[in-house]
Amino acid sequence: MDVITFGESMVLFNPDAKGPLRYIHTFSKALAGAESNVAIALARLEHNVGWFSKLGDDEFGRYIECFIRGEGVDISRVIKDVTKSTGLLFKERFAHVNPNVYYYRKNSAASYLSTDDIDYEYIKSAKILHVTGITPALSESAKETVIKVVDYAKENNVIVSFDPNIRLKLWSIEEAKPVILELCRKADILFPGIDEAEMLLGISEPKEIIEAFHEMGPKMVVLKLGKEGCRVSDKEEEYFVNGYTVKTMEDSVGAGDGFAAGFLSGLLRDKSLKECGEYANGVGAMATLVKGDVEGLPTYDQLLTFIDKKEYVDR
Amino acid sequence: MDVITFGESMVLFNPDAKGPLRYIHTFSKALAGAESNVAIALARLEHNVGWFSKLGDDEFGRYIECFIRGEGVDISRVIKDVTKSTGLLFKERFAHVNPNVYYYRKNSAASYLSTDDIDYEYIKSAKILHVTGITPALSESAKETVIKVVDYAKENNVIVSFDPNIRLKLWSIEEAKPVILELCRKADILFPGIDEAEMLLGISEPKEIIEAFHEMGPKMVVLKLGKEGCRVSDKEEEYFVNGYTVKTMEDSVGAGDGFAAGFLSGLLRDKSLKECGEYANGVGAMATLVKGDVEGLPTYDQLLTFIDKKEYVDR
Amino acid sequence: MDVITFGESMVLFNPDAKGPLRYIHTFSKALAGAESNVAIALARLEHNVGWFSKLGDDEFGRYIECFIRGEGVDISRVIKDVTKSTGLLFKERFAHVNPNVYYYRKNSAASYLSTDDIDYEYIKSAKILHVTGITPALSESAKETVIKVVDYAKENNVIVSFDPNIRLKLWSIEEAKPVILELCRKADILFPGIDEAEMLLGISEPKEIIEAFHEMGPKMVVLKLGKEGCRVSDKEEEYFVNGYTVKTMEDSVGAGDGFAAGFLSGLLRDKSLKECGEYANGVGAMATLVKGDVEGLPTYDQLLTFIDKKEYVDR
Amino acid sequence: MDVITFGESMVLFNPDAKGPLRYIHTFSKALAGAESNVAIALARLEHNVGWFSKLGDDEFGRYIECFIRGEGVDISRVIKDVTKSTGLLFKERFAHVNPNVYYYRKNSAASYLSTDDIDYEYIKSAKILHVTGITPALSESAKETVIKVVDYAKENNVIVSFDPNIRLKLWSIEEAKPVILELCRKADILFPGIDEAEMLLGISEPKEIIEAFHEMGPKMVVLKLGKEGCRVSDKEEEYFVNGYTVKTMEDSVGAGDGFAAGFLSGLLRDKSLKECGEYANGVGAMATLVKGDVEGLPTYDQLLTFIDKKEYVDR
Amino acid sequence: MDVITFGESMVLFNPDAKGPLRYIHTFSKALAGAESNVAIALARLEHNVGWFSKLGDDEFGRYIECFIRGEGVDISRVIKDVTKSTGLLFKERFAHVNPNVYYYRKNSAASYLSTDDIDYEYIKSAKILHVTGITPALSESAKETVIKVVDYAKENNVIVSFDPNIRLKLWSIEEAKPVILELCRKADILFPGIDEAEMLLGISEPKEIIEAFHEMGPKMVVLKLGKEGCRVSDKEEEYFVNGYTVKTMEDSVGAGDGFAAGFLSGLLRDKSLKECGEYANGVGAMATLVKGDVEGLPTYDQLLTFIDKKEYVDR
Amino acid sequence: MDVITFGESMVLFNPDAKGPLRYIHTFSKALAGAESNVAIALARLEHNVGWFSKLGDDEFGRYIECFIRGEGVDISRVIKDVTKSTGLLFKERFAHVNPNVYYYRKNSAASYLSTDDIDYEYIKSAKILHVTGITPALSESAKETVIKVVDYAKENNVIVSFDPNIRLKLWSIEEAKPVILELCRKADILFPGIDEAEMLLGISEPKEIIEAFHEMGPKMVVLKLGKEGCRVSDKEEEYFVNGYTVKTMEDSVGAGDGFAAGFLSGLLRDKSLKECGEYANGVGAMATLVKGDVEGLPTYDQLLTFIDKKEYVDR
């Protein structure tokens, strides 16, 4: 396996029109989940990827399995729990503000993920382990699991990639901060956003942020700067990599996951640090061009064409 | 108020096609809830009805409020809880077997219903209080609430109507039995089904069932016999009332609720026991002629025409 | 009752795509009606409101009843006419011009509204009576009714609020002018638009318009200036109140109705004249942020947040 | 022209689900009109047919024009009236009773059809003129027009075909009877149903009915007997023609129109009286096999195959 | 006939959402075809137009017939081939790039169009014959047919109108160039785009292009300049005609066909060269205001209003 | 691999309503393909299965890959051809006759499948190779490929399973017969239908058919008898296995593929011949209970429950 990742994927119900949900008559089913987004992005970029989570042994869980496996991701380590439900979320979209999200994930199967559910040999088989700051927010046992798997990976020379993904709907910043910082310290590659850096470190100057994170441990810090692009550093080199101007952003959800996948893909292909940053910017930008978390994610050929021509070209 | 009832109403998501949910792309929003079905049925039959529950202070809760109030039911005692979610359910329909139901109601706002949430003066204002065996299955506090409200009603000369509605998806028969039996004993009017009678009493002969329930307390026992019709008894008189032959049953869900409402409507109009049974059979049959829990419920004129001509006539 | 209003509500059929209707295959049902928009807006702002009209005793009439009652408006004085139909309208939408409207309201039940249909005690029970210039355009009897009810309200110290709402599709300016002017003279609160003022008075300078209307009788004149905001005057004070910049206007229909409701809500809460103008601007702006006449109307909390932060926040 | 016919065609809005319309969210546009059904049926059977009516000069009128012309019917004599609307109807479908119909055709453009709107040379050019009893029910002027055109046709040796089509939603039997009987007397070919015969003549025995109608004038009487088939008579010969057993009737609307068209097609092809009856039964049966008034109407090849094999075969 | 045109029309399947087709669940049927677009545009502008092609004798072919005939175009010369299929295409739409097109037209009925399929008397009956560069790209026999019909038209004093319409998905520029140039030489009226001129002639200066084409033969050259407008020349006069600023372009497909139709309509009405250019610009601009190839095409009244007020007004 | 199969899978477009396609506005995308149906059925029954075909390198090909891989089938040997298209089919459904099918698969990528496309080592890795009589009908090269792969399998002790699946839309019985018979002779397990046996052998008595096929070579003959069930024989034993009475058949397409998969699953689990027949009947029956080729296919647990209770139970 090139990359292994795990974390909760949910069935997403999208309203068929904008406005308050009470006036919406029909909803369409889709997939949501930061870690499975990264996995699918990497699979489309031709890497061997594994993803797992704990799912309810119900039709929603089977939908998630079929979708992710269909994208070419190994799901052999997914765990099914007949006594629990698969988590759901509903979006409420408006033209003028960010969508609202209604979660039905409390006590979901995934929140019962525990250290006993892990196939450690499988973890060891990966070049890179990718985790996010969402999983430790789900439950105490999920938090323990993330930390134990990360520790296990480090002990076994698996590179640890960490995207803080601080979700204040799931826990308070007071609860989140020590856990996220602990995982930052354990990570080899870190994907903070500028807002997250401010919440965690209280500083907002990019160069300072990178330095501060390096001091905590990570060898690679990839600071996301939104449309501006990103700043990448491996302690030896440091670059600002210009972003892409996307005139017709359709859906920003999933962009950060695509970004991380783009960077990891560059690493796995032994690209230079700067090229890794360009891949990250490219996949992130392309993800925003199509509605849905994963629908706009590019193949490797499409990514190269996009970076080259700065435009999206489906072959 | 003629009738007051309370209990959980949920947002129901109906798949737009039959078959396993993993292959279904779109879902339509509707309303579900045994007690609100009864309330809507009674409102359409021109009675003053009040219904309440505890709802999340979210768009799904507002949808439930608008729908039920739109039908002419008093919802002034609904309680909103900003910290909880409104319960949901998904149906999975097949041509050859009964629909599956996926509940997302654990820890819903309604399951936190407690004795402090009740406006007892409001309860006292009713001629009839109608409760079901679903509410005590939701949580310990919901169970206490049902019992306390029923006791309060009895003390204040409000007639207590009880539909056992045993849902084995919510609790085991072992858990359910003592609670349901306690409520049977407290009830003035009882609406058992023949299956429920068997589970509760271990007997299956209609006349015996009625006698057994009468001995427990209720003055009126209305035994549902499905398509056959029903057997009604007020200790003094007892009749078998023939059901209606419905060739094109569209949706059996909500039939039992319509049945109870039809009977109560007869009582409120001072009809004879036998006529009350005919109203019950009529509303129950008509509810099955249109898809949805409440869409087929008749106005009083429509009910009389149906009973008269044994056919459904929209004016 | 805080406010009572009456006037025709119709079933609106929205095409599911833009372009000439002959190429449109499916239409979605919704509600339309200036007065019921005002009533719903006020109900959402926590006032006691009553609305009525004459409806066909058919499914379209029942839909209108359920929708408006569902929003918490008192509809107890709605009249049903079994011999007439409920009015309809179809919209035809284009990206580049205002929608076309096809009315099927000639000889609708509402156009037969007459002075005999009115519950005058009900009118007397209101603090404010709100009427529009659409109703007198429907028929001779509807015109008489509006005038008689307005006169009755004035005699009984009910404040009369009037929105001219000149609809040249329903009558010519020659027919409309004398009637609208008569109602302006009778009104206590007047909500003219700048275009309407020009048609009625032949002048276009805001201050002059306000003065001219004051001379005709109304104590309060609220001149709508579109995106610019409004100018409010109660003879003693006069202010220009700045409007809100809405970047993503979704649907301008219903904005004027929300505007009037916002102003009346301020009055009912004893807010200062200027604050009333801010409420009017706020509700009007928020109505345009969601497609549909009433879907975007705010609760009182949402309105205050919007005015405060100048942004829409759903709790 | 082989056949010319005229009469109101309307835009039909079909609910996307069964049940009371107040609960239906979306409607689909289609075409309705007895005379245009006959015209389209004949065009599909390879005859030259003309149809006309008076339409609103609006998008609904243009839709009707495009649809009927698209089917190969000459619409060159359609009249447009900018001051009137095109008529509409809504269906309300139930599983267990016939659909309800809500008309919005009062004062429609077609109801203003008058004797001045007719191109008499065009009428003269036809072999057969087909009219129905719906048109005289629309208005006084429409009634005059039907009678004048029928008289004109007779004077000019155009065969007059008449389908009584008594619609009690449009006029009472008292109003209808004298007019329908007058048209029966003027007709050369008559297509009564057995119910209509009872209403008009007070007799119900097929042979007697045929005799009675012959005595009134018509040379050909084609008595529709529903699923049983029909009885055909040209005074010289008389046959009972067996109907087709259709197991899966999808939509009975339009069957009578297809029946009439089938008979006329036989006549135009100089088939024997009995064969004409078989064509009538065949087209009528095939019309019921597909939802919609005209969607199931057969080509001539399809009709022959159906009659031959007694099954529907699309080539 | 004022204008006769021929060429492949196909059934177009439009995805119901943007994004890669693999994620799209539903598709809507529509019509596509450059020549039928021109024919429909001319019919709506009140000219007598004939269009024909070879279609499969299947439901898709019948759909094309009904649609085009419905628009008032003569389709009497359409040929049906029971052994071939009607061509299809699927669109794949993105927010940020032009749509992809997936053709299923190889070996379609239309690609078998041959010189034997032509009714030469029909061709001779036209004032103008309009052809495009798409037809010769379909097959060898289609190419021969176009050339033979054009030659026949010229010999019989039918004006030949030619729109190069170079489609590099159907043939390479090497294959296309000699054929397109041959047809340019034969044409009386030529509608090149500026890109096409560059591909064919290697020059890009408008005045030079027009001169070069005039030298090849055509008396009229109408050079399309996109949003800028066009340059028209009949050897004697030459004008630049300003285009219309369309803020809300919905769909650019079909604009070129509308443009050609607008010009031909001007010619047929004996308008000045400059006015013909204005008609061309006007119809082209209006076609882009509504989604679909033909839905936005104006009537003559609508065109004049648009040109006059520079805005689209539906009557 | 337990089973490997190959053959064309296509994108299926289902009309959203019954009736002639020309009147259908929307179509839904699905998957079709006899061999992939078998593969999916086996994967759901917990076997390791591989399927491959040649697909266009387009979005329709990617859809097929994602769907089949999502179901847990190995698609690692799928071949992509950038120069060819993925095959399509449209269904046309009627209430009273079998659906029509419109193929767009001529010259599809799959029809170019050739002996060079095969990974023979992969074939060798299977316990069972399953092929159908559809593939040799696609093209000369596809026919050669089937025969070569079958021969290769036999040489390498891979059991050959063959379902004749004679499709007279793809080739005539004259063309089909020798090829199908050759494959019958090569097969180890044969799944003929009673109709196919008649076409191939000219006999219709079950026992005779089985004997005749055994004489040609196959060790196992599984004769499909539709609703009656099947007759299974391995030369030593022979049984008639009763079918299941399915009251609500939703969709018979895919039943034969499920039947074959059920039998092979029994074999792979070392079940007795009779049990294999029961599995075949069970999976075949269950496939018909849900619309779609694969949506109704059971898991192993569901199959056992169905066989046990003779009813479908989703866990």
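Chains: A, B, C, D, E and F, in written order; residue numbering restarts at 1 for each.
Note that a residue touches a chain if its C-beta (ideal position, glycine included) is under 8 Å from a C-beta of that chain, and two chains touch if they have at least 3 such contacts.
Note that the structure is predicted; figures quoted are calculated from it, not measured.
By residue number, over half of the contacts seen at A-C repeat in one listed pair from A-E, D-E or A-F, namely A-E.
Of the two chain pairs shown, C-E and B-C, the one joined by more C-beta contacts is C-E. Fitting chain A to chain E on Cα positions gives a rotation angle of 120°, stated in steps of 5.
Ranking every chain by how far its Cα centroid lies from the centroid of chain A, the top place goes to D. Annotation: 46 Å between the Cα-based centres of chain E and chain F.
The geometric centre of chain B is 48 Å away from that of chain D, both derived from CA atoms.
If each chain is reduced to the centroid of its CA atoms, chain A and chain D end up 64 Å from each other. Chain contacts: chain B has residues 20, 25, 66, 92 touching two or more partner chains. By the touch rule above, chain B contacts chain F in their complex via residues 17-20, 23, 92, 94-97, 100. Contact residues on chain A toward chain E in their complex (touch as defined above): 246-248, 250, 289-292, 295-296, 311-314. For chain C in complex with chain B, the residues that touch the partner chain are 57, 65-67, 69-72, 82, 315.
Taken in their complex, chain E has these residues touching chain F: 13, 16, 20-22, 24-29, 58-60, 62-63, 66, 85, 88, 92, 102, 104, 106-107.
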